[in-house]
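The same chain A turns up in both complexes below, where it pairs with chain B and then with chain C.
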Partner chain A sequence: MFSGLNITSSALTAQRLRMDVISSNVANIDSTRAEYVNGNWVPYRRKMVVLEPKGEQFSTLLNKAMNKDTVTSGVKVSRIVEDETPYKLVFNPEHPDANENGYVQMPNVDPLKEMVDLISATRSYEANVTVFNASKSMLVKALDIGK
Partner chain B sequence: MAINPISLNVGAVSEANQSAVTPYKAQKTFSSFLKDAINQVNDAQIQSDNLTKKMALGENVELHDVMIASQKASITLQATMEVRNKVVEAYQEIMRMQV
Partner chain C sequence: MKIFSNTISILDQALDYSTTKQKVISQNIANVDTPNYKAQEVLPFKTVLKNELKNTKHLSAQITNNKHIPFPPSENGTVTIVKNNIQYNESGNSVDVDQEMTKLAENQIYYNALIDRISGKFQTLQSVIKGGK
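The block that comes next holds the complex of A and B.
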């Protein structure tokens, strides 16, 4: 009865996680000391989520094996990957992490990109809430049958 | 014109009685069915309650999960009320019967 609502719920969870990752990126926009590798500090790398349909559930596979019609059951975040684009070099000789030429490696986070992702995540969340409400009002309407 | 004698097939009737569901059995299956359904509604309420409690205690619960659980509980309860109304209506209809 509630499969539609469960699918929406998974989408909302995925978008929330995406939002959390964006928050992390924006918060660490100036973090030059994320990891300590071989005696050197490495700046923060921008993180991204990888979304995939939740298809490998037991019920879905069973229905498929029994040749029944199935709907894919929602979405999930399969991985959080790091953006491999190079760090930005900024000339700032006073910075504690500046190299001998006065350049500092800054995280590869682009505020504009993050803002666009933020809007995208917010709108997706809103769209899923709209789907949820439509699903719910359909169920409530079904209860009106025979009144 | 030959009139066929009325023959009461006693064996067939008793056989039919044996295979058919007795009123006692039917009532029993219905009551267990109803009980299961009401338990499911109760489970939805309990889950919603637990999630709300967890959120109030500041545990790591997603807000939309709490809202969705409460909506599910609300819809199942509404469906239960609808069934109850129908049952009461049917009962009253039968009680109004002229005897």
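The block that comes next holds the complex of A and C.
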């Protein structure tokens, strides 16, 4: 009965996680010491979420096996991947992590990309809130039958 | 005597359709950022029947007497289809948010109208039962 609301809330969770990842990227825009690998500090790598439709629930698979039409239920974050683009090199010989030529490896976070993603995530979140309210008001309206 | 004429069961089916439609719209909007997700759509039975009639092979009723009139199988309810050939943005996603929002508003009004009618029907019955008092 509440599956409509569950679909929407899965999307709200996913979009919120997306926003959290964007926050993490922006917060670590200058973090040159994210990991310590083989005696060297490695800068932060930009992270991205991978979204996929949720569909492995028992009910969905059963309906599929019975050739019944089924609405898959919601969306989920399948994993968080790292952006493999190269680090930015900044000339700053005074920096403790500078190499012998005076260059520092900075995280591959692009503030522009992050801002665009943030707006996109916010808008998607808002759209889902609208759907949530619509579904809720429909359920409430159904209680009016026979009044 | 049949108190509950067809009206209630028809309205009931319409409510089912509207609920499924709401679910599909939720699903589409939930997956608005999912790469390669294709938008789904609910077709009312009328449309499905029309499509099926075009390739009539599917529709063969058991005819045991040559005076029988062929009829479609009375499978009611709705069918969800996936719009596969549409790409709305570069990630392979085919959800058009504006369209979905419009459908959402439309579906809400439709649902409210159905609830209103079903309540009206019950009210009529009540009025009859009470003898107009």
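The rule is simple: the second predicted complex is superposed on the first by the 147 of 147 C-alpha atoms of A that agree within 3 Å, B and C clash if a C-alpha of one lies under 4 Å from a C-alpha of the other, contacts with A are read in each partner's own complex, and residues count from 1 in each chain.
Keep in mind that, in the parts below, contacts are C-beta pairs under 8 Å (C-beta built on N, C-alpha and C of every residue); 3 or more make two chains touch, one makes a residue touch a chain.
As the structure is a computational prediction, the values presented were derived from the model and not from experiment.
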Side-by-side fit of chain B and chain C on chain A, or clash: fit
Touching partner for A:Lys47 - first (chain B), second (chain C), both, neither: neither
First (chain B), second (chain C), both or neither touched by A:Phe2: first
Chain C versus chain B, contacts on chain A by residue: C
Touching partner for A:Lys113 - first (chain B), second (chain C), both, neither: neither
Angular separation of chain B and chain C about chain A, which is computed from CA centres of the superposed model and rounded to the nearest 10 °: 40
Which superposed partner A:Lys88 touches (first chain B, second chain C, both, neither): neither
First, second, both or neither for A:Ala127, with chain B first and chain C second: second
Chain B and chain C, minimum CA distance [Å, superposed model]: 8
Residues of chain A at both interfaces, chain B in one complex, chain C in the other: 8, 146
Residues on chain A engaged by chain C in the complex (per definition of touch): 3-4, 7-8, 10-11, 14-15, 18, 51-53, 69-75, 120-121, 124, 127-128, 130-131, 134-135, 137-138, 141-142, 144-147
Chain B contact footprint on chain A (complex, rising order): 2, 5, 8-9, 12-13, 16, 129, 132, 136, 139-140, 143, 146
Residue ranges of chain B in contact with chain A within the complex: 62, 64-65, 68, 71-72, 75, 78-79, 82, 86
Sites on chain C touched by chain A in the complex: 15, 18-20, 22-27, 29-35, 37, 40, 78-80, 97, 100-101, 104-105, 107-108, 111-112, 115, 118-119, 122
